[in-house]
């Protein structure tokens, strides 16, 4: 960790050295310019090693094992949970439920809390810029419960419009809203939404999949009722995510997935359930990846979440400046276009080059960006876009990556004979 | 793989060398005698390496990525699915749904198929020896739907009693039954249960968590409608499991978890869903572990499932013989006690030594066994047992492990002053 | 892939042939590439002998999908619906004349797949009449 | 852990003191170690001054949980319910006199936890009377 902290001071090259994949070459011999961290982040050696160490040294099933490696695995697993609790400033570890990903965490709330609390005529409020994972579960819940969806509008820059919020909150039981837009990078005013929702008697689920990796998050300062994230977007492995929930809410919720580990006692006819957090963790957990996510959090804290935010803000400013030169050739950038109000995401289109073609051409230069609707089809419709090309940054990106992106865009312009 | 095959021929030592953890020493300097594979198996180097390679060389989100490493990740992920389909002899890869574990796979069926098909007064039939993961989800479904549970009885040796099956099947829509008992090792007559259930108009979910690791499984020969398993019990990583389902059933089922990846198109108000298998895979999958599970299957097939079964059968016979000498000092062995009708599981109690104390004493010798109810509380009640000590085998165990177990039991007898 | 975008491809992309709608199509199909969201629609008019008398496609998409569809449809005119149904991947690949990376194969084949759906719809209609 | 099972521990395990039931307990509590399923029940009779006049425990369990409970209950007789409520882990650990591995700590503390629940129930009852 001290090494990471000093790497930041010493310049960014050392951070890159922590990520083995960034030393790889593509089949055309290009260095990897990875600008798709909003889809999934790369992993530092410490995270990969944590997985390997678990399987090589103390792989065992947890919680009920009497023997030495089972005890070690249980301790490491619960220690990782405690790290997440501290990272989010939760009141206690029992408020941290392991899931596969942010999507499953949202579904857990939709099925369990939603099934128990939403009824005919109730309102669920989401924003117009939600990822499908924070929209479709609520559509299905609305269908099951007879409740209705309403939408907090966004303007053409993808910024939340709060002037009608109080009216929208009427009859609303739950607000589900992203902390940061994965398509545009917009940072949403969560604390304000939460305060006004609470005043109207609604609880709030915050989709932190794009915020938790990139800035300090304090669930108690936000006063969020639920907060979800995916480890794979924040240096951790695939297959592990988190539902944070306030104890009072989680305690009152019925179980969702059931089976081994989440029970207290079982007879043929009925069961009683374990206490938090295990009540919601059925079957063998993703032990190795939970532990490795703990290592990812150590790494992030070693770097410092404030420092990550500052680094990405600076990179974003640098990128906006460099990309500005291409605007007269038809480059359009969506979203707030302001490093103070965006996380490290740039969504764009270049003249009449389709985002897919742009991504294919950049790929030949080793540059990885995402093209498409970014799992926000309704937002694309709202903004009248078919697809965008999205470049997204993380702590291991630097100016040379931005430079490569700009060079790549110029190559695309040449190939498409843009004037 | 050729190395593994020859290892079998050349004696068992080489197989152990494939599993790095088996070379570790406990804090007391003992070699690890791992006899808890029914809880979770150890992992060969090829599986650990597959995870590492993914993160070091081609970590990227799948399905929508245009760039090179995303294509490689997508191919590897779908190739792993194809391996599972072949391993189980499914008709097509689309019938293989990734889940976190066997428990989640059962819950998926309970929520989706059960929600759509079970109604007031319907019957769900399970056996008396089910793991909590194949019991509690059906209890909760029964509660939600107003349906009832019935139980196929077992005798005192834990063998299924089928004489009343036809009566039990009356009004039954679904039979959920283990292929192998995790507590007793009993191999259940699945093909017969399926045939009679189908004749009565019920479909059958087979919990293969303890069978798929240890013997050849052919879902089409069994004619199982659903078959579930967990990778971590069969040399694969934690966090990945499988639901196999017949296409016609899966196609007709409503979605369960929803969000990114499982949709076809989304508007603010409604969504249409992707085709199989993705329809049931919401959010970013556990990509690394699915790929590594593919490597585990390669390894298992290299060894040969018939060979694993034969190896465990021989080891079980050897163990029964060795343990026989302790019976006069009070050792009781539960279950069929017959290598032909059991998988590699031995459940026992030793005089008045509580299973937990036995496990603690064995732990001091580096011997890992499980003590307790093994997530089968109702079966324990049925057999009038509070807890058992369970030793379970896998391909990397050999006679020296059985010998160590027997020596450990003798030590426990001395500590507890058994005559 | 960068050598994919030659002049005739870009020309088909920017000036797609047979783009638009038919006043009274005999058969219509549309589909969507679920991975990128691109949509395509094909409309066919059939003459008395069951051959394609007119054809159009519409939708938004990348150069690969649009150019592939544009070139393919040019060859569809005058062909029987059965002939269209029998078309394979090669018919597209020969047109573009260059290897397509696996990630983009779905884009290239979108037009073919919708064309065949439309042909199928046309045959079903002919049969039911 | 193998040196845990000394003679006096095995004696308390095999011949637990105060094992069984009271005819008319003033306070009762039971709990279960969710990880192993072991159950324990404690019954207390209280005299006029609010001290424990009689006490019993029952249930099935390992040597650690049974011996720990047996030794602990021997010391509970004559004590006030408040005193029982204030008991900490040390009270158990001093009795067994040997380090307990973390995996077995829950077994050792099961008796203490049920005893305190029973004391709490007794105090609540006294208050409501």
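Remarks
Going by the order they are written in, the chains are A, B, C and D; count residues from 1 in each one.
Keep this in mind: contacts are C-beta pairs under 8 Å (C-beta built on N, C-alpha and C of every residue); 3 or more make two chains touch, one makes a residue touch a chain.
Everything numeric in this text was worked out from a predicted model, so none of it was measured.
Which listed pair repeats B-C comes down to matching contact pairs by residue number; over half match for A-D among A-C, A-D or B-D. Counting C-beta pairs in contact, the pair that comes out ahead of the other among A-C and A-D is A-C. Per-chain Cα centroids separate subunit B from subunit D by 38 Å. Rounded to whole angstrom units, the spacing between the C-alpha centres of subunit C and subunit D is 79. Per-chain Cα centroids separate subunit A from subunit D by 47 Å. Those residues of subunit A in touch with two or more other chains are numbered 64-67, 70, 263, 265, 356, 360, 363, 371-372, 377.
Contact of a single residue of subunit D with at least two other chains is seen at positions 35-37, 101, 103-104. Listed in rising order, the residues of subunit A touching subunit D in the complex are 63-67, 70-71, 74-75, 263-265, 274.
Within the complex formed with subunit D, the residues of subunit B that make contact are 352-357, 360-361, 363-364, 371-373, 377, 380, 386-387, 411, 415-417.
Here subunit A touches subunit B in the complex through residues 20-21, 24, 26-27, 32, 36, 39-40, 42-43, 47-48, 51-52, 55-61, 64-70, 100-104, 106-107, 111, 128, 131-137, 139-140, 149, 151, 230, 232, 237-241, 255, 257-263, 265-271, 282-289, 356, 359-360, 362-363, 367-372, 375, 377-378, 381, going by the rule given at the top. On the side of subunit C, the complex with subunit A involves touching residues 1-2, 4-5, 10, 14, 35-38, 60-64, 101, 103-104, 107. The part of subunit D that touches subunit A in the complex is made up of residues 32, 34-37, 101-104.
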